Amino acid sequence: MEVLVTALICFPFLWAILPAVIHNSKRRAFTVYLGCGIVMVLSVFTAIQWYLAGGQTLDFRLPYQEAFGEIFLWGDIFLMCFITYLSYKHNRLIIAFLSIISTVVPTILEKFGPELPAGPTMRFDWLTFIMVLIIGVVGSLIGVYAVGYMHGFHIHHHKEVTDRRSFFLSMIFVFFGAMFGLVTSANLLGLYFFWEITSVTSFLLIGYTRTDEAINNSFKALWMNLLGGCGLAVAISVGIIYFNTANLYTLIAAAVKTPTKMLCLLPIAMLAFAALTKSAQFPFSGWLLGAMVAPTPSSALLHSATMVKAGVYMLIRLSPAMADNYVGNMVALIGGFTFVAASCFAITVSDGKKVLAYSTISNLGLIVACTGCGYEETIWAAVFLVIFHAVSKSMLFQCVGAIETTIGSRDVEDMQGLMSIFPKLAFILMVGIAGMFLAPFGMLISKWAALKAFIDTSSVYVSTLMVMFICFGSATTMFYWTKWMSKILGASKREKSRDLTKKNEYISMFFHAFMMISLILGFPWLSEHVLKPLSNDMFGVVKQVISYENMVIMIVLLCGVFVIPFINYLLTKGQKGKKVITYMGGANAGDNFNFVSATGDPREMDISNFYMEDLMGEKKLFTPAILISSFIIVVYLIIVVGGALQ
Amino acid sequence: MGNRSVVPFGPQHPVLPEPVHLDLVLEDEKVLAAIPSIGFVHRGLESLTSKKDFNEMVYVAERICGICSFMHGMSYCMALEDIMNVEVPRRADYLRTIWGEMSRLHSHLLWLGLLADGFGFESLFMHSWRLREKILDMFEASTGGRVIFSVNTIGGVLKDMPADMLKDFVRQLDEMEKEIRETTAIFLDDYTVKSRLVDIGIISGEDAIRRGAVGPMMRASGINVDMRKNGYGAYNDIDFEVITSNKCDSYARCEVRIGEIFQSIDIIRQCVAKIPDTEINTKVTGMPNGESIIRVEQPRGEAFYHVRANGTKFLDRFRVRTPTFANIPALAQTLQGCQYSDVPLLVLTIDPCISCTER
Amino acid sequence: MGQFLPFSKQVLKNLFSEPATTQYPFVPREYPERTRGHVDIDKDSCILCGMCMRSCPPGAIKVDRAGKTWSINRFDCIQCGYCTEKCPKKCLSITPGYQEPGPEKFVYMVEVPYEPPKPAAKPATPTPSQS
Amino acid sequence: MAKIHKSPWLLHYDGSSCNGCDIEVLACTTPVYDVERFGVINTGNPMHADIFLITGGINSQNEAVVKQIYDQMPQPKVVIAVGTCACTGGIFKECYNIKGGADTVIPVDIYVPGCAARPESIIDGVVKGIGLFKEKAAALAAQSKA
Amino acid sequence: MQELKTDLFLIDKAELLNIIMEKKNALWRLCQICCSYPKAEDHFEITYSFANGQELANYRLIAEREEEVPSISRVYKSAIYYENEMHELWGLHVENIKQDFHDKLYRIDVETPFLEKEEKNDGE
Amino acid sequence: MTIQTRVLFAVLYVVLTPFVIGLLDGFDRKISARMQGRRGPSVLQPFFDLKKLFEKEFLTANKMQLFLIRSYLCFIVLSGIIFFAGFDLLLVIFSLSTAAMFLILASTATHSPFASQGTSRELVQIMACEPMELLVAVGFYLATSTFTVSDIVTKSPVANIRFLPGFFVGFVFILTIKFRKSPFDISTSHHAHQEVIKGVTSEMVGKEYAMVTIAEWYENAILLGIVGLFFVSSNILTVIGAVIAILVVWFLEILIDNTSARVKWQLMLKLAWGTTIVAAGMNLFLLEIIRG
């Protein structure tokens, strides 16, 4: 096991060198495919190995742990220097400052602070198992997709951007390595190193095109993530100074044992803070939106489908320590608030990628809220959502990217009638959207569990607020997804044209769709054999989250969603109806797309959805949302820090 | 195109009984641009002067519109009387005034109903129209027609109203007044109604003048213009105040028209009290030769009659500029930036009469 | 702000009182005497002068002097009453009761018993009306 | 009291009338005449309508509109021409822009004369239309069975 | 400017815009523009009517058959309907109307129906 | 609840709803007419309408519409079965919103201006109602610690309205939206004409429209059922109270329908959410405090 995990972490880092040095595009593509294949196989193999071995929590040290420790240390320092250099170059000293603080403090403590007991530095348990699978499978599919996409990006669409694909592809591998490291580390120092790597790689990926906007956004991402890094640094320092440990689990255990002691909560709060920044919750959601400038889906989906999961992963880890305390309340409120606010913003934007970005933030908000609650049900729901979200988001991003290549726009309004011109793309899009909000799928089950749990939460205020957040959030979520869906199914204005989507993009997308559907179908199994042991591990109780009865209903609904339309489709196929032009008050010019205008000539009819910018537009509500969420965070942090210092 | 909709509105549309067409550019439901189109009821009846002689034209003029038909007939006759220098008997003037005010009453009640229909208040629509039926009954009893009366003739009117009939009408109007007051109060007080009218479709007095608006549209913007003050018919004997409002919005237009309903009732009462006992028409002979411009206050505002005769029985030019025609530019302005759901309402607040407009 | 549901008083009153609806097709309607329903002819006094035909704005009346018929297309008549005014014999009148709707437009024709006193008793071309 | 139970939904379109007939059509739906007694609803949407009440003599601009609306009504459907204008063109038939009568554009089933057609007369027309509608529906059913 | 009868003045083309501006600045409202073609006189008569309160003022412009008349739609926006109508129904040439419907204000089959009538009558 | 009773209730629901709600609809039209001073149609009119609609020729602008509408109907019935067979209330609401999605897809499939505008408004309506619907389920959970309808009925010793007055007020408020009654009848016009003609149903011809009508009846049955749920307890006699309550609410909706103008969607959204937050939110908060 140790070896496998080490391989999992080290392999991508090493493999990253290959695309960087190979410049022949065919051969480079081959290396990337191969690398992704290996990563996928390796991760699946590791996971299965572990599963077959009985699914016990494994605590272990890496082989050559000391050597790794040194690498981490110097790696941290290298990253710090790198960032300092860049920020000096671009005249953003505040970033250098953040970076230096967050690196220097733990480093000094580690070097010169008290000697820490040598315990296990890694852990592999159910959550790791899931995360490894997500990163391995979804991540490597993204890798496959990226090769084709980036080819199209440079060769066909954006000739003006310098071709730095070698760099891009190798960064993807670096990223995999860091993510694997992140989800397996138990030692905060190791975790911190990987954490910083993800921040920096994402910074580099966002700035890929080197336009002004890209550079600005990349720095935005950087400072927000570094701020989170600072939180992590504080947590490490507190851990080392007060608890004499840098082990995540020790800290969690301490907090679980004495939830009323603020000092114990402090590192948890700091870690949670870091996680909030990483998972792009309000007020730190800006960076994820900014990330959308990166070459369309590849990096965007890296962020939405995988990187943000780092934050969520951390919160799920922490959640037993957050049950019914200040930290938990803070996280839950931020999550709930983000859920509502981001879904409101998602209504007001029409750029497909932006909708996806906001919906990511919003869904993550729901997950975060679940973790903040810290009950078995919510963890169950949170993990469930993580899985669904990863698959469907990755699929959606790829799909929007492919659509952009094909129809030349990623605006939702331009996807009118996609179903009849590019049915394959539309099908994938539909599956993805359905997976995000339709009746028996992921979101719904999680909402169900979350509502139940929040009603039972002990804090009256939090409970009331959270219930409201969820109720309103689910209404707004429904709005933007449905309007998108209805756009796709509408009548099409465009001519059929050639589908420019690459084969490998399709392979990746269909594989996702397949996964999605099997996840949906296999959800009782998943619940029974993965999620239950998971919450059992975390809380030590086995609880049937969803009753047998409801399980049956959900399955009935599920079949309903597929079977009812299908049967009806078959039944109505033979119906003969006379074709008639649509009703336009008698002004139809004869083809449903034009009407007789006021001047007597045909004029093209356009139909667009509601965006409600006056009501809940970014311009109007973004600043208040940031203020409210900052307020929540600041107040709770003051409570915790103040309490700890007393 | 981004998130803009470009959609047609009408010509066939149940909110408006008459065909109106607009090209709308919407953002969500906000109207960014609205281009009205007219011509769905354009019959070209001004050209009938070459086919019908000036006497038959009375009946054509009446059929410009079924709502303000009486006044069209009357103004046409007034124009020809002016050209031919005919003195109309005083009683005929009074009768014309009474019928004219009854027309205004029925037109305003009709409008109130349509407005209620436009904002989805079905029972209020039904109420207003039920009240209006009584006026129509009065019309039928006095002229024989419900909407087209054919009582005007060049030189006076064709039918007289006996004194007891007039008394009976006044009695009926007294009874109705209470009911009308109850019903119109809803337009002015109800929360949901107000949410649809207040501050919607604002047009300032100056803008109204610049765009040539007339009638209640103008008076609701605080401009005191009423052709009745020119003193045609019996109006120079009647005592009345022009009703204006300074709110400039849809609510003000509603307010002004409601005020005019009661004003009309009052004018009818005064007329009945003062009506002299003379002939009802004078014999007219000869051919018209000359030109006349007549302005009459229709329910919807000032109607502008321009008649030019050349000494034969076929007129040279018969031109009607109806109030709705004059109000369309003002309407186009109020439509800018309103909500989609306000579109029919704003169209209704000018009290459109397309058949008048397009003749 | 305005009042909430101020109309409910009247609405409830209506609910419990007799509706205003007439029972029309089941109970026939009574018309006031002046109602202009349709044009009737007193065929005995008609002299087939054709005045009505020439004055009718939509041209609904046809007078056939040779065939001795007077006919009216009631689907074309606009009940303006101009013919009744113009008729020298005042044999036309406009009376309550309207033409039944139906699937076909038809012409109502009466034979006029009038005997012209002598041929060419009338001028061949009528002078313009009302000079 | 005999009842006429059916549910013919009306569509009313003003094909260049003077308005007089239109307001009388509307008056039919209001309390005093209340055609809803026969299940009549004024829908305003051709897709749902059974009876097409057309007023006015149809001008050139309206011709296409009237045809289009007529085509959008599903069978069985009945067209009623309301008012003298819609029957023959009436006083406007000599105008340069009037086609003259609704039957110049679409087949008309019932003519309701009158200027303006009285509500009673319109009700009679509608009741006749309902009868015709029944027949047409039966014919359609027979046809679809065959 | 020459007074024809009460409130009716004959003006020529050069005066038109001045008068219009004057009226506009004094906040008069445009009542109507009427075009006619009296058989006997064989030219267009275009009558512009303005009102202020109860006051009325009419100005008449004489134009030959093919003569171009300046548009006042840039001063009085509401004039577009009148001017388009004159152009469409009478065939009067109005120079650059602010919003030209190009004979589609009323979509009629007959071209300039009012003038054709005149011609027919002339021929009789 | 035994499986037999569940099946029985479900079957009763499927079979009786069209008759009961159809009749209520007929009375609704009659009462509305009387309120407007008219005589109104026969109470059986809704059935005549349906019959006629099914007999009409089938015209279509887009073939897809029919199967989407059928799916809509099936889903509504399915949700009703879940409700009346006594399963989870929250799932009923979720599946209702899934059903609504089919309606929306059906109406946009045609690319018609009025249907599309109506659809957008329909979406706003759903968005306006959904929080309150979910909160009703939450309320019942707070009062009875279960989402399951059968348990809510059998386990509550007294009618839950005692604990949930705020929820009830909020729910009755959004019922006006759900029943498509006047102040909020903005996406389809059941009454007096409006700018989007028939909105969502503009393009639905004959049997399509009939199916939508039936689906609405089935949905109304569920909603009225939820109203009843506030009033029933384990005591069987409370059913009478529930029926009376349903009738009163139903009459109230008719009254509101006849005494208000249609408002704009912005105001509707604000009012609906405002009421939800104030009425249901306060009640929720108080209940939470009581529960500790």
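By letter and in written order, the chains are A, B, C, D, E and F; residue numbering begins at 1 in each of them.
Methods note: contacts are C-beta pairs under 8 Å (C-beta built on N, C-alpha and C of every residue); 3 or more make two chains touch, one makes a residue touch a chain.
Keep in mind it's a predicted model, so treat the numbers as computed, not measured.
> Indicate the lowest number of steps between subunit C and subunit F, counting one step per move to a touching chain.
So the least number of steps between the two chains is 1.
> Please indicate which chain is farthest from subunit C, where distance is taken between mean Cα coordinates of the chains.
A
> So which has more C-beta pairs touching, D-E or C-D?
C-D
> Which integer distance in Å separates the CA centroid of subunit E from that of subunit F?
Chain centres of subunit E and subunit F, defined by C-alpha means, are spaced 60 Å apart.
> If you average the CA atoms of subunit B and of subunit E, how many Å lie between those two points?
25
> Averaging only over C-alpha atoms, locate the centres of subunit B and subunit D and give their separation in whole Å.
So the centre of subunit B lies 26 Å away from the centre of subunit D.
> Could you put a whole-Å number on the gap between the CA centroids of subunit C and subunit E?
The answer is 40 Å.
> Please set out, as single numbers or ranges, the residues of subunit F touching at least two other chains.
Residues 33, 35-40, 57-59, 113, 116-117, 120, 193, 197, 202-203, 205, 258-260, 266 of subunit F each touch two or more of the other chains.
> Where does subunit E touch two or more other chains at once, residue-wise?
Within subunit E, the residues that touch at least two other chains are 106-108, 113.
> Identify all positions of subunit B at which a residue touches two or more other chains, and write them in rising order.
5, 7-9, 11-15, 28-29, 37, 39, 42, 44, 47, 52, 59-60, 63, 123-127, 130, 133, 145, 148, 190-193, in rising order.
> For this structure, give each pair of chains that are touching.
A-B, A-D, A-E, A-F, B-C, B-D, B-E, B-F, C-D, C-F, D-E, D-F
> Considering only the defined contacts, which subunit D positions touch subunit F in the complex?
Residue positions touching the partner: 3, 5-8, 30-31, 34, 36-39, 42-45, 47-48, 50, 72, 74-76, 137, 140-141.
> Taking the touch rule as given, give the residues of subunit F at its contact with subunit A in the complex, in rising order.
Where subunit F meets subunit A, its residues are 57-64, 66-68, 70-71, 74-75, 78, 82, 87-88, 90-91, 94-95, 97-98, 101-102, 104-105, 108-117, 119-120, 123-124, 126-132, 134-135, 137-138, 141-142, 147-148, 197, 202-203, 205, 266, 269, 273, 276-277, 281, 284-285, 288-289.
> In the complex of these two chains, what residues of subunit A are touching subunit D?
Against subunit D, subunit A makes touches at 578, 580-581, 583, 586-588, 596.
> Inside the complex, what are the residues of subunit A that reach subunit B?
The touching residues are 350, 411, 413, 584-587, 595-600, 603-614.
> Where on subunit B is subunit D touching in the complex?
11-15, 17-19, 39-45, 47-48, 51-52, 59-60, 63-67, 69, 110, 113, 125-127, 129-130, 133, 136, 145-148, 353-356
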